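In the two complexes that follow, chain A is the common piece, with chain B as its partner first and chain C second.
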Partner chain A sequence: MTTLATLASLVSLIGGTQFWINVGLLAAIFGIFTVGLQLNVGYTGLYNFAQAGFMAVGAYAMALLVLKAHLSFWLALPIAAGVSVCFALVVGIPSLRLRGDYFAIASIAFSETILYAIQNASFTGGEEGLLGYTTSWQTLSTRMMSALGLPSQDFLVPILIVSWAIFLLVVAFVWLLTKTPWGRVLRAIREDEDACRALGKRVVVYKLQSLSVAAILASIAGYLLALDLGYLSPEEFTPDNTFIAFTMLLVGGLGSFAGVVVGAVFIEVILETTRNVIDIPLSDSHLAALRFIVVGAVLVVIVLLRPQGLLGKRDEMRFRR
Partner chain B sequence: MTPSSSPDRAANAAGSEPTAASAAGRVGLSLGQRISVAVGVLILLGVCFGFLKGAQPTLQTSINGLVTGSYLALAAVGLTFIYGILRLINFAQGDFLTFGAYMALLMNVFVHVDIVISLLFACLATAVLAMVLELGIWGPLRRRGAGSLELILSTIGLAYVIRYSIQFVAGPDLQQLRVNDISFYRLPDGVTIGRTIALTTIASYALLLLIGVLLRYTQLGKQMRAMADNLELAETSGLNTRRLIVLVWAFGGALAGLAGVFYVASTGGFDPTFGFTLLLPLFAAILVGGAGDPYGALAGGVVLGLAEEWSTLFISPAWQLVVGFVVLILVLLVRPQGIFAPAARI
Partner chain C sequence: MNSPPGALLRIENLCRSYGGVSAVAGASFEVASGSMTALIGPNGAGKTTAFDLISGFLRPDQGSILYRERPIGGLAPERIARLGLVRTFQLTRVFSVMTVLENMLVAAQGNSGERLTQVLLRPLHARRGDHAAEARALKLLSRFGLAEKAHEYGGGLSGGQRKLLELARVLMTEPRLVLLDEPFAGVNPTLKLELLAHIEEMRDAGVTVLFIEHDMELVMRAAEQVIVMANGAVVAAGPPREIRQDPRVLDAYLGTHAT
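Let's look at the complex of A and B:
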């Protein structure tokens, strides 16, 4: 009990409640994002580097459907996820029938291209971004706040609750998916694609399904990020998101869903405390550069020392050729 | 639809002398035939665009395309070679270009050395960087039996470390080399080309030709291509592959550094992210030429440069990067083995 009290005082000492609400929110959002990667990388052996692109497509499609097509927000959510799946098929159909490396190249290229297209197209608002798609959510959020009796400065608490609820549901759902016969086929593909094909499984179809689930999860993460920010701008959807998620995945360990939760929280705490709380005597641009040097170095060190990830099981989930 | 093409490759290589196992032999057409076909098709396309859109804009975009293509081709050689030999996709290749450019900047602007010496220094520094990373990280990883995901993630991690270390030291602002960016040559029909751009482009094509000749006729070039054709077979034939792989890294690194300096000397202002944005056209270039084939990468770079510039005849220049992606997806759909190779399983 005393340790808990010290922890609580320590938490309030560095950053304050608002700061930790934000960290928790980002951890849940990128956790959902990373669950998709876990399904692809850890369970299917797909090197998906397009996740940030699917996130961008989901978020922008939702916002555009609300703003330009005047659809209801709740109807826009599933349609935008569908749009994201269509893009997953565009990347996946040409490249997933080839060797795994080709998909890695095509997916990173897709992620870059989507970002570039959003920056340059006029209907996406370009660099200025999009605003004003949050009305329906605001209504619900206010209702939740009055039901919980929260003061008005805790306006992020409703989305925090919703994000973590979705995150845990998604973890449970995808974990259950991997226990189904469908999930066992995915693992078989990861282990030996040719053997799987010889058994009559349509490998490419299973891979596309796995990728589509990841794209849907990326869209959900995109919606939550869009609601958290209140605006959409291309700089929030760089491929950096995918690489940060890969560090979360590796810290947590391949093939472990509990690891995704741990990795997401751990990496977000590090990223956000170095951004806002700890007083490092460096300029903002130096700090930003330093954070990415650390992200890169963590990736390299984990790959060199513990490729199965910090919590991963070496025997079951090692990297495949 | 098998995921690996190694049986065919081995069969092909076993039929010929390993050191003479040429990439051209593997794909059925002779090198000369492939060059003539590629040049012929490109000229035909250029003539078509000339009739459609007028001679002047077509000539200008063709020249711009050949300029861009020369840098892409230089940078793509190392990328495709390493992929062919080690099945390693180097996501840090773009940041090798950035590294080269900033090394030249360091010498040229801060130490006040002549641009040519700065250029040579940049080549050397990037070659050393590539060798150090091979000896320190990729070599040990491979010997431990690392899979392709481990290798890809290590290159991504290193890409971040390189890019943001540069940004940490040099800052995120635009930089410029001390080169002549005012003078330009007037060609007939109102077509213009900057003096520095003309010089770097001519130097690039001379170098590309030299690389082609070296790869084809020298002992070292043949050994490198033999490794790209079949690493195990090259090793059993007595080649010191460990030493050769380090040399290939140095070779590819030097060319990437050179491409980086040429690129920023012609485009003017640059920041630490420029190399990463070139990664997409580079990937597209090596896939167009057939991943792992150095001659293909030379041709693929030029094709990509022309495709990006010719696209501006029809659509806004803001969409050039998207053209690279479209080319990449089309190649994967139609001819994933590269546009010059006969049907093969990839």
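Let's look at the complex of A and C:
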């Protein structure tokens, strides 16, 4: 109990409620994003570096459907996810037939290309971004706040609740998927693609399905980020997001879905405390660099001390090549 | 060349080269239905390349591959496997971070739970296909002496156990023709006999077997037909007793006329 009390006082000492709401929100959003990577990397052996690109496609497609096509927000959500899946197929179909490293390279290139396209196209608003797609969400959010009796400064609580609910649902759903015979084929592909083909498995189809599920999850993460920010801007969708998610994945443990939850919270706490809480006399650009140095150092320490990640299985690690 | 009606696999003038080196250069042979046929030849004769071509892992440059009178040259490996033509690899390909039982279940064919659409539409039935497959897998595992290992990781098996598992896994697909690439390589004499007994049992159950092997004594003992390859072509084919006397075979192995 005393430790809990100390922890609580420590929590209130650093940051305060708004700060922790923000950490929780980002952890849930990037947690959803990382569940997709877990399915790809941890279960299919597919090194997907395009996840930030799929998130951008999903978020922008949703905003454009609402703003330009005047579609209802709720209808735009599934359609935008479908658009993201189409992009996943476009990247995947030519490159997934090749060796794994070609797909990794193609996926990084895709993510960068999407970013440049968003920055330079006029219909995406370029560097200025997009605004004004949140009306439907605001209505729901206000209703939730009055139902919960929340004061107006806690305007982020509804999105926090929704994000965590979706995150936990997504974790449960994808975990259950991996427990099916379908998930077993994915693991076999991760272990040995040629052996799978020799047993009659259509490896490319399974890889595309795995990638499509990840693209849908990236889109969901994109919607939530878009609602959290209230605007869309290319700088929120840089490939850095994918690399941060990879650290969440490795810190939590490859193959572990509980690990994604722990990894996402852990990394977001580090990223946000080094940004906002600890007063370091450095310029903004230096501070930004320092954050990543800290994350990198944490990753190195964890890989050295616990190569399977915080919640990964040690005996699985023994047999990984 | 008239082929007997019993040919399950018929290869004609098969060619494949890699960057100027022809690995298989006009090979022709047949595998009779229900037979146990050995494919022998010195290193570099093109045996494994022939296997890769038949199983779809390589596309032939020329020639035809007829399986059950149907051309399969150039089809994807997974399609060929689904037709009941299943291969193993020279180095065992066990799924390491999966249990022995899971290794077997992956090999079962026609499991609707392996289809994402089925899993999403009928989630409660996703594991239905596994029940029958699991019973069959456990039966096969106990036949191969691996029942106790069913719930251990494939990566923890010894070299010999991996060979056994790979053979059991091939049977799990309910094949019609199996191509075994050096199934006895690097195996102790006792296990060799055990593997041979399993393969013979497989043949007796109606599966046609084509295997690559270097141990001539074993070939003479096990095979009903022997195909000899050298420099990418078939130099002799026939029953083991005839092959043993054939000067072309001695020539292929020794490089000069052994007269």
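In the analysis below, the second predicted complex is superposed on the first by the 299 of 321 C-alpha atoms of A that agree within 3 Å, B and C clash if a C-alpha of one lies under 4 Å from a C-alpha of the other, contacts with A are read in each partner's own complex, and residues count from 1 in each chain.
Everything below uses one rule, namely that contacts are C-beta pairs under 8 Å (C-beta built on N, C-alpha and C of every residue); 3 or more make two chains touch, one makes a residue touch a chain.
Remember, it's a predicted structure, so these values are computed and weren't measured experimentally.
By the touch criterion defined above, A:199 lies against chain C but remains apart from chain B after alignment on the C-alpha atoms of chain A. Contacts of A:209 after superposition: chain C is touched, whereas chain B is not reached.
The partner of chain A that touches more of its residues, comparing chain B with chain C, is B. Within the superposed three-chain model, A:18 lies out of touch with both chain B and chain C [touch as defined at top]. Using the contact criterion defined above for the overlaid structures, shared-chain residue A:181 touches chain C, although it does not reach chain B. After overlaying the two complexes on the shared chain, residue contacts for A:191 are found with chain C alone; chain B is out of touch. Chain A residues in contact with chain B (one complex) as well as with chain C (other complex) are 194, 197, 318-321.
Those residues of chain A lying in contact with chain C across their complex are 176-177, 180-182, 184-185, 187-188, 190-192, 194-203, 209, 315-316, 318-321. Residues of chain A touching chain B in their complex: 41, 47, 90-91, 93-95, 97-102, 104-106, 108-110, 112-113, 116-117, 120, 193-194, 197, 243, 246, 250, 285-286, 289-290, 292-293, 295-300, 303-304, 307, 318-321.
Against chain A, in their complex, chain C makes its touches with residues 55-57, 76-78, 81-82, 86-89, 93, 95-98, 102-103, 105-107, 109, 111, 113-116, 119, 123, 126-127, 129-130, 153-156, 169, 173. The part of chain B that touches chain A in the complex is made up of residues 1-4, 83, 87, 89, 91, 137, 140-141, 146-150, 152-154, 156-161, 163-165, 167-168, 171-172, 277, 279-280, 283-284, 287, 291, 316, 318-319, 321-322, 324-325, 328-329, 332-333, 336, 346.
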